[in-house]
Structure formats: C-alpha cells, structure tokens
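The next part holds the structures, each set out as structure tokens.
After this come two complexes, each holding chain A, first together with chain B and then together with chain C.
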Partner chain A sequence: MQSNATMEYDYSVVKLFMWTAVIFGIVGMTIGVLIASQLAFPDLNYLLGEYGTFSRLRPLHTNVVIYGFTLSGIWASFYYTAQRVLKVSISESGLLKALTKLHFLLYLVIATGMVVSLALGITASKEYAQMEWPLDALVVLTWVIFGINMFGLIGLRREKTLYISLWYYIAFFLGVAMLYLFNNMEVPTMFFSGGLGAWYHSVSMYAGTNDALVQWWWGHNAVAFVFTVPIIALIYYFLPKESGQAVYSYKLSLLSFWGLMFVYLWAGGHHLLWSTVPDWMQTMGSVFSVVLILPSWGSAINMLLTMKGEWNQLTENPLIKFMVLASTFYMLSTLEGPIQAVKSVNAIAHFTDWIPGHVHDGVLGWVAFMIFAALMHMAPRVFKREIYSKSLLESQFWIQTIGVVLYFTSMWIAGITQGMMWRAVDEYGNLVYSFIDTVSVLHPYYALRALGGLLYLIGMFMFAYNFFKTATAGKRLEQEPRYRSPMA
Partner chain B sequence: MFHWLEKNPFFFAVGVFIVIAYAGLIEILPNFAEAARPVKGLKPYTVLQLAGKEVYKKDNCIACHSQLIRPFKAETDRYGQYSLSGEYAYDRPFLWGSKRTGPDLHRVGNYRTPDWHANHMWNPKSVVPDSIMPAYKHQFTNVADLETAYAEAVTVKKVFGTPYGADIAPGKAAYEKELKTKILPEALKIATAMKRDDLIKMVKAGKVPEVVALVAYLEKLK
Partner chain C sequence: MTTVEIEQIRAYMFVIGTGIVMAIFYYYIIYLYRSEKKGEKDYEKYSNLALDDELDSKILDKNPKIENDKKE
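Here is the complex of A and B:
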C-alpha cells in the first residue's frame, strides 16, 4: 500500500449505502407520487385505510426521501470519497471497519423505526424532525459513530491537506449535530407522571413562538446541512473526477465555503415572516437570505467553469449532463429562495404551493440529480464493472428533466394563483373568494404536478434497473477507469 | 491562514463550528424569555383537549392546516384577529404548520360548531361539496389515549410550571380520579353537542373516541 497506484480501498460499507439509496429512493418517491395524486384525485386517500391519508403519508414521504434516499447517497459518497482523498483504506483499522458496519446497521434500525412509527402516527410533529425521543437518541448515537469514523479516517490520513469535499463533510457533521440536538430537546412524559401513558411520548422543551424559532432554525438549516453542504461535497469530488478537469478556482471555493457557513444560519427566520417572532429577526432572515445568493452561486459557478473548454463532454457523457444540470438547478433554486424571502413576496407565497414547488426544484433538480451521478460514477469503480446502459441513463435524464420542469412550473402557477385569490377584494373591500374556491381552482395544476412526479419516478425506476444490472451483469473491467466512467 | 487550517482538521472544525453557531445565539436567545410569556387570561389545555391535540398530531392536520393568522386585512377578515405570541405559550410543540391546503384553524372555535365538525370529519363533502380533504372515519371508532395526555399535563406542570390545579398529580389513582370527575363529563358534553348517538354511547361506556377529543381541542382554538 505504499504507492497510490496500488492502493486498494474498502468499499463494503459504500456498497451497502448505495443499495439503500436506491431502495429508499423508490419507496420515498412512490409515496410522493401517491400523495401528489391524492391532491388532484382525493379518492386515492382511501387505499390503505387510516394509514393511507395524505396527512399521514406526507411525513413518510419527506422523511424517507431526506433521511433514506439522500442520507444514504451522502454516506455512500462520503465513505468512498474520504478514503480516496485522504489516501487511507477503512480496512487498515479493525475498529473503523467495525464502526462503519455499526453505522450502517444502526441507520437501518432507525430507518425502520421511523417508517413504522410515522405510519402509526407516532410523531413529535415538528417538520423534518418528527421522530420521537427513543429514535432521536439512536440518531445521536449514530451521528457520534459517523463522527468517529470521519475523524478516525482523517487521523490516519496520508494526504495531509484536506480536499474541499472534506471541508463540506466536516461542516455537515457539525451543523447537523448542533441543530439536531437543540431542536429535539424534549421531555419524555412517562418519567414525570409516575409511569403513566405511552413510553415513547414526549413534550417539546420549548413552547409556541420559541418552539417555532428553534424548529425553523432547524428546518431551514437541515436544508442547508443535508441538502446543500454535503451535496456540494459530492459535486466538488465527482465533477472533476468524471470530467478530468481541475476545479476552476481555489479562491472561489474558499469564498463560497466560508461565506455559506457564515450566512446560512442567519436566514432561518425567513420561514417565520409575518408571524409572531419579532420584526428585527424577520428582517435579518430576509436580508441574509438575499446575501446567501453570493456563496451559493459561487459554488455553482465554480463548478460550471470547471467544465471550461470541455463542454463537448456535455453531449457525450450523461453523468456530466446530470451534474451540470444539477449545478444549474442549484442556481435556480438559490435565486428563487431569496425572492420568496422578500417580505412582500412572502406575503403571497407563504402557505401556498409555491413553497413545495421551490423545494422540489432544489431536491429533484439538484440533490437527486447529483446523487444519481455520484452513484453511477462510483458503480464501475466499486463493482469493477462497466455501466450497464448509456442509453437508459440518457433517457432517464430527459424524462426526469421534463418531470422537474412540469413540477415546478405547475406549482409556481398554483402558488401565485392561490396567494392572489386569498387576498383579492372587490370594489367595496370584501373578500371575493371563499376558501374552497381557491382550492378548486388548483385541480389542473395538481394533476400536472402529479404527472411531473410520475415522470420523475419512472426515471427513478430506470435508474434502479440500470444500477442493479451494472452491479450484477455489467461487463467486467480489468482496470479502474481514470476519469470518464465506461458505459455500454 | 486557510492553507494552514486545511492541514489542521481540529482547528478547521473549531473554526467552522464558531462560524455556524453564533447566528443562533444572536437570533434566538435574546427573545426567549419574553416569547414564553402567556397573554392575560390564557388557560392551559384540559386533559381532553391535550388528547385532542395528540389526535391533531397523529393524523397530522398540520400537513394542510396552519394555526397562524398573519396581520393582513385579507386574513383578519377571513379568520379573525391576527395571532399573538402569548396565545401560544402552552403549545408544546407549536402547530403553526407551513402549508394551507385547507384554511387556517387558529380561531376555528369561533365559527364552527361541534356538530359541524362531526359531519365534516365523517364526510367533508357533506358540508363542503368541493372539499379535497379525506374523511377521517377511523377517528369515530379509535379510542383517544387519555392517559398519555394526562401524563403530558403532569409533565408540563412539573417541568415548566404550567398552571394546572393540584388535582393534576402523578400516579394512576390521581389519573383515575381526574378521568371520572373531569375528563369524561367534559367529553360527554362535547359528544352531546356533536349530536351523534354512537359517540355519546362510547363516552358513557368510559371510552372517548378520538374525534371527540379532537373537537374538544378545536373548540378551544379561539
């Protein structure tokens, strides 16, 4: 293991996380298409009795795609990337090897517990932090193990300088740890009532406005530290690797990283505009959201310029397509967010479908596209096989792109329509529309959105098939590909 | 400096942590005590209402309904007085929601009646023909978890000083007493106002259906 050329890395845990990413992707997105269809066709609420209503399924959808699909993709990429940029193999330390396995096992236990408890309606009810305290405790334990693994690998490293991706992974670890701990502070009720009631039940440490502040400090920054920070870690590694191009600018990556770290946390207040939190916090949230454009676009532009002089790869390599479009959607989404955070725009946009529209151009266009590209870049290297089908990847790309566009355009129209109708008054100053008028008008957009989601889901199935075939039936590779991933 | 940091992971991590942590300190901490103060005359939720809040959480009403009236004329015309921070002082967790697929509910107790809710939860289309809300018929047969709600009342009284009377105390005996003297009579009143014999019958048999607890909670939202 002296020279880099002969270095063998341990991909066992990488493979496990890759498979769970694919499985959770299918499950989470299928539920997503179901609940999107329920809004257009309410009769679909009755397929699974009490467990099949929109309201019960919605947190299942969000939690499975965020903590199932996305986290699996991130951890697969992390264990793959960290070994390579640090020039150290997991198998060099028996302890780390065991802990990576434990990390995966605990993760599966939590994921199963999460799915079951949410289906039963056991929930702390805070968005994206619904799990009750026993599962929260397990999450903390798992997070500590992940931290030990990361800093353990860093401790054993042969390459002294930390590559950009690792900066982002470190921030991912620290940010989520801090936010998760504070937001999930809760008091189990059994301990204080002399053993009465359900053992898993708890009450939040914070009440009312305080609870809202802490929750959206979390809610907003979970987007930062799960959907943004580690995904940037992915693109900083996989785009240069797949294209064979050096990152365009070190200075730009410095500026974007430290800028993002500093600015992101301030912007959480934009979820609470016009609410009962003090005005100065709302204004801070608004202003910092606009400033946030700078570091966000810094990373995205750095990635796009990395392709300078090599744009022909965009037509030749579907993985480059995924990654370049991901950067572009990242730019769209990080421009749209600040626009919605302007107080006067937020007065119309808040509580409407424009918000899920915004979330989905980010997660479908940026996060998931990046994870697809990362998984397919890793597949030939960890399975030592050629990618099964290039044409399948190409078709997936176009079908899903059309799906995303249908999704966010329909939700833009739906959101702005509804926001305007809620406030419309006649010449005497009376409200023009009853609430139900503003619901009925949305039917075509809900149907269109469900169609967009369905296209995306079809793409997900194509990806899963392609991935499965690559792992089991792709042509064997003699040698690890250097840059561009080989595909049939 | 940055080159040096990138070779020293410990100091790098410390640096990142400081940069991300202090926004929270500055934005969240200063207002904490003030935001926790209740408005004058605010009463804590009864045990039955707390059980209803649990039903609200369990069937995840916040997926489609907010409890936050913003200070715009269009909203105060539609829903009533805009929301005040102190009104939420006993809400653990807060249930503002983030999406209005259905209307806001913060003051729904002012303009809907228990029997309207009974019809609506059984079949939303019977009162709002174009409604896309699903029916929640299972709430008419599922039994509300009153004991857990009681445990919650005891916990918030002990830990956060929520002003409950002396009868809210730990232990099974205190719970049984509260059940007989307060919770069931209150539930019977709600069930009667909901005008459904099946609900009244269940409450008289000592079992409170989820929908009765839920309506008790919705009636408190004013």
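Here is the complex of A and C:
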C-alpha cells in the first residue's frame, strides 16, 4: 500500500456512474411519462409504429429506471462511500482501478444491449427479468467483477470495522447474485431444439406455478435488494454526513439490518395471493410482509431521529429536505405494501392501479429522492465545485413532491374504484359493470397520473441541468466541505 | 410418501426454522445490549465512521492485517 500522505480518494469511476445515472434518469422517466399518457390518451400509442406501443415501452421504462438510473446511482454511491468509510483509495491497487473501469464498461455494454433488445421486442417475458440469456450471462460476469471490487476494497481497508452502509451493500451484492441466478435459469431454445428459433431466445427452466414462484421470489426481491437495501446504505451514509449528525442509534441499525435480511426474502409470495401456489406459502408471504414493517420502520425512524435537535437544517438545506422526505416516503410505502399483502385487501387491490401507485410512491419518493440527494452531495466533492443553484434544487424538490403526491393519490382512488367495480354484482350475481365502464371512470385519474409524472420529469430535467452546471461551471472549491454541501 | 405429505413436511420445517432464527435474532438483541452494558463493546462509536471519513482521519479500529503509516 502507498503512503496516504499525498494520496486522495479516486473518484474517476464514481463520476462515470454519476453521469449514467443522470442520462438513464432522463430516458427512463421520459418513457414513463409517455406510457402514462398513453393510458390516458390511447392515440399516443401510434406515434412510432411498433416501437412506440405501450407494451414495447413499458419494459423499457421499468428496466431503464431500475437497471439504468438506480443501479448507476447505487454504484456511484458505493465506490464513493466504500473508499471513505474503509479509508482506502481505489488508486492504491492498480488491479482494482482497472477492474472498476471494466465494471463500468461492461455495465454500459449491457445497458445499451438491454435498451436496444427491449426496443426491438426481444424479451424473456419475465417481469424485471426481461433481458435475454446473452445479456444475463454478461450481467453475471459484471456482478462477479463488482464483487471482486467490493471485497478487494474491504481486503485493503485501514478501518477494521465495516460501517453499516457496507453491510447493506454486501447484502445487495449477495441477494441479487443468488436471486438473479435462480430466476434466470433459462434454456436457449435454438441449441436444444435442433436449430429452431433465434440464437438469443430462451425459455425458463421452470414451468407453471414453480416458474411463477421463482419469478416473484426474484420480482419482489428486485424491490428488496435493488430498491431498498442499497438505498438504505445510501441514507445511512449521506444523511449523517450531510447533516453532520451521527446515526441516532447504531445498534438499531444493526438490528434493523438482520431483521430486514431475514424477513424480506420470504415476502415475495404476496404477489401470488389467490393463485395456484400452496396456501401456506401465500399465508407466509402475507405474514412476512406485515412483519416487514418493523425492520423497515426501524431504519426510517433511526434516520429521522438522526436529525434530532437539528431540524432547522430541514428548512435551510434542500439535500436534507430530499433525504428526510425520502425516509418518510419509505415509511409510507413500507406500510402500504403490507396492507396490500393482507389477503382480503389483496382481493381488491390485485391487478388494479393501486399497485403501480404503491411502487411509484416508493420509487419516486424514496429511491429517486435518495439518489438525487446522494449525487448532489457527491458532486461538490468529486468535481471540487460548489453546487450550481440552491434555488433550482429547492424548486425541483417542490415540483417533484407535488408530482409524487398527484401520482399516488390518483392511483389510490383509481385502484380502489377499479377493484370495487370489477367485483360489483347485482342481486342475481351478475356483474354490474363491463370492463370498458371501469376504463371510462378511470380516465381523469389516468390524466392526473400523467400530469404527476410530467411534473416529476420536469424536476428530473432541472436536476440534470443543475448537475451539469455544477460539474462544469460551479464555483471552484479550495477544500473539500466537511459536512454541509456548499451551494450558490 | 405422497406429494401432500412432502408439502406438509416442508411447511412444518419452515415454521420450525422460523422459530429457530427468531430465537437467534432475539439472542442477538440481548447480546448487543449486554456486551455494551458490561463495557466490552461500544457500538455507538461506529456512527462516527461516516463523519470522520477523510484519508487522514483518526482510525477507530485499526485493521491489524494492514501495515500503514496513519496517525493514530
């Protein structure tokens, strides 16, 4: 190891992932607003021929937001945070430095392949696992390289104890590795059928109910190990650091960690309530989903209590606003999810718009807000420049908050209306409404949802502009800020 | 053994397994608080790992496997 007297943390790969987070954020959310508008105004389906239909664009939206925007934000934050809490620089190992670059390069290849293949309609047809087997194989390779980088940095660390954020990053790595491998066990059709079909097509190795079970074991854990676990890693580092306040209770963070790890893995069954999976598995999915409130709220309350005595920062610092609201939205969505997982509620909620409403108060309010805050906290440190505009950041916060509220409230009303109308029967047991009746009733809520999405997208563009200007035109900083990020 | 019996065994094993893991989890809570009460551990000091994260910040627990020239 080199002497640390002249050494600095190496942010080269951090910067690359920060830029891809911004670009994928714009792409993913733009497609999101378009498909939300298509649901309200179906003629928008015919703008780009087959490439512009809802069915073609919906997987693109989810995959770009999850695997483009979110993963980029997580990896930028990981390579930034890991160096700092372990007190080791990537530049101390030539091999690690090369592997971090290779990680980014492979990621870019996969992300491009994902966008192109999904736009062309090439899909494995499993939700959040649409990529076909050649890309899946590349994902495994990239994940191994990420693992080498993570454990390589841990191996070189000067600080013996791993900070709680690192625990969550390790869980993110292990959880996704295990679940991704199991769910993407697929048979390339051409090689096993005597040359039938295209070389890149495959079918799942599982069939029927088993396939559904494995799919939702993964599907829900994509929420757990991509949208929750690493985002908790972000808040455990960035909120204390930005506010200058130590985590309220470190012990609570450890307890919440183990609670979350144990419970989350078994909650996926709630996606298959009232289906053909064994009844005890459905009950298990429900029970574990309800128990999940405890570790989730453990982390969220720990974060809110971290601000104890320093609530004035909420009015003074927009980054604290983003993080405190993110934590609050985390509490909201981790209460809403268990409610939806109760069998009787699920009988009404399943297949309705309440479900995307739930997903979006989590993703827009919790995940994306945390990523925005993390990127803007890192920006002055990695670019050595002041944040370009505080007022732009404040405006973004309020515009996007209104957007999220419009999104989830419209979907709550739409979803429950939909569920009740589907189930309504007259005194003879005949259905009262036809499907098209529900569509007509829901139109205003779909339009409101599209408006909420548009507001959020406007905020995304404001963020991208602010980020670009910070990196290129922000006032130069003589020394790294210790806690609060400087902004003009 | 019928499929139904196998399913039942799996379900019972799951319930028993859950019970065991719950017991371990509660023991962990007791262990955390007891070791801090006895003065063997101070978990709360690790909160500072996020705050003092410069390369030349004071190291809380030095990694014994790494030779380094950092100031303690």
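In the analysis below, the second predicted complex is superposed on the first by the 481 of 488 C-alpha atoms of A that agree within 3 Å, B and C clash if a C-alpha of one lies under 4 Å from a C-alpha of the other, contacts with A are read in each partner's own complex, and residues count from 1 in each chain.
Simple rule for what comes next: a contact is a pair of C-beta atoms (placed from the backbone, for glycine too) under 8 Å apart; a residue touches a chain by one contact, two chains touch by 3 or more.
Owing to the predicted nature of the structure, the values given are computational and were not obtained by experimental measurement.
Superposition of the two complexes onto chain A shows chain B and chain C fitting side by side, with no clash.
Within the superposed three-chain model, A:T276 lies in touch with chain B and out of touch with chain C [touch as defined at top]. Within the superposed three-chain model, A:D10 lies out of touch with both chain B and chain C [touch as defined at top]. When the two complexes are overlaid on their common chain A, residue A:F262 makes contact with chain B and with chain C alike. Using the contact criterion defined above for the overlaid structures, shared-chain residue A:K241 touches chain C, although it does not reach chain B. In the superposition on chain A, no contact is made by A:E394 with either chain B or chain C.
Set against each other, chain B and chain C touch different numbers of residues in chain A, with B touching more. Legend: residue contacts after superposition of the two complexes on their common chain; A:E92 is shown touching neither chain B nor chain C. In the superposed pair of complexes, A:L254 makes contact with chain B and with chain C alike. Once the two complexes are laid over each other on the shared chain, residue contacts for A:E310 go to neither chain B nor chain C. By the touch criterion defined above, A:K160 lies against chain B and chain C together after alignment on the C-alpha atoms of chain A.
Note on the composite model: angle chain B-chain A-chain C, taken at the C-alpha centres, equals 110°, rounded to the nearest 10. Closest C-alpha contact of chain B with chain C, superposed model: 5 Å. On chain A, the patch touched by chain B and the patch touched by chain C overlap at residues 160-161, 254, 258, 262, 278, 284. Only residues 1, 3-5, 7-9, 84-85, 87, 89, 156-161, 163-165, 236-237, 240-241, 244, 246-247, 249-251, 254-255, 258-259, 262, 278, 280, 284, 480, 483 of chain A touch chain C when the two sit together in their complex. Contact residues of chain B toward chain A in the complex are 2-3, 6-7, 9, 12-13, 16-17, 19-21, 23-24, 27-28, 31-32, 35-36, 57-64, 66, 68, 70-75, 77-78, 83-103, 128, 130-136, 138, 142, 145, 147-152, 154-156, 158-160, 170-172, 175. Remark: chain C residues 7, 11, 14, 21, 25, 28-29, 32-33, 36, 43-51, 53-57, 59-64, 66-70 touch chain A in the complex. Remark: chain A residues 38-39, 42, 45-46, 49-50, 53-56, 58-59, 121-127, 151, 154, 160-162, 167, 170-171, 174-175, 178, 182, 187, 189-194, 196-198, 201, 203-204, 206-215, 217, 254, 258, 261-262, 264-266, 268-269, 271, 274-278, 281, 284, 347, 350-353, 355-356, 422-425, 429-431, 435-436, 439-440 touch chain B in the complex.
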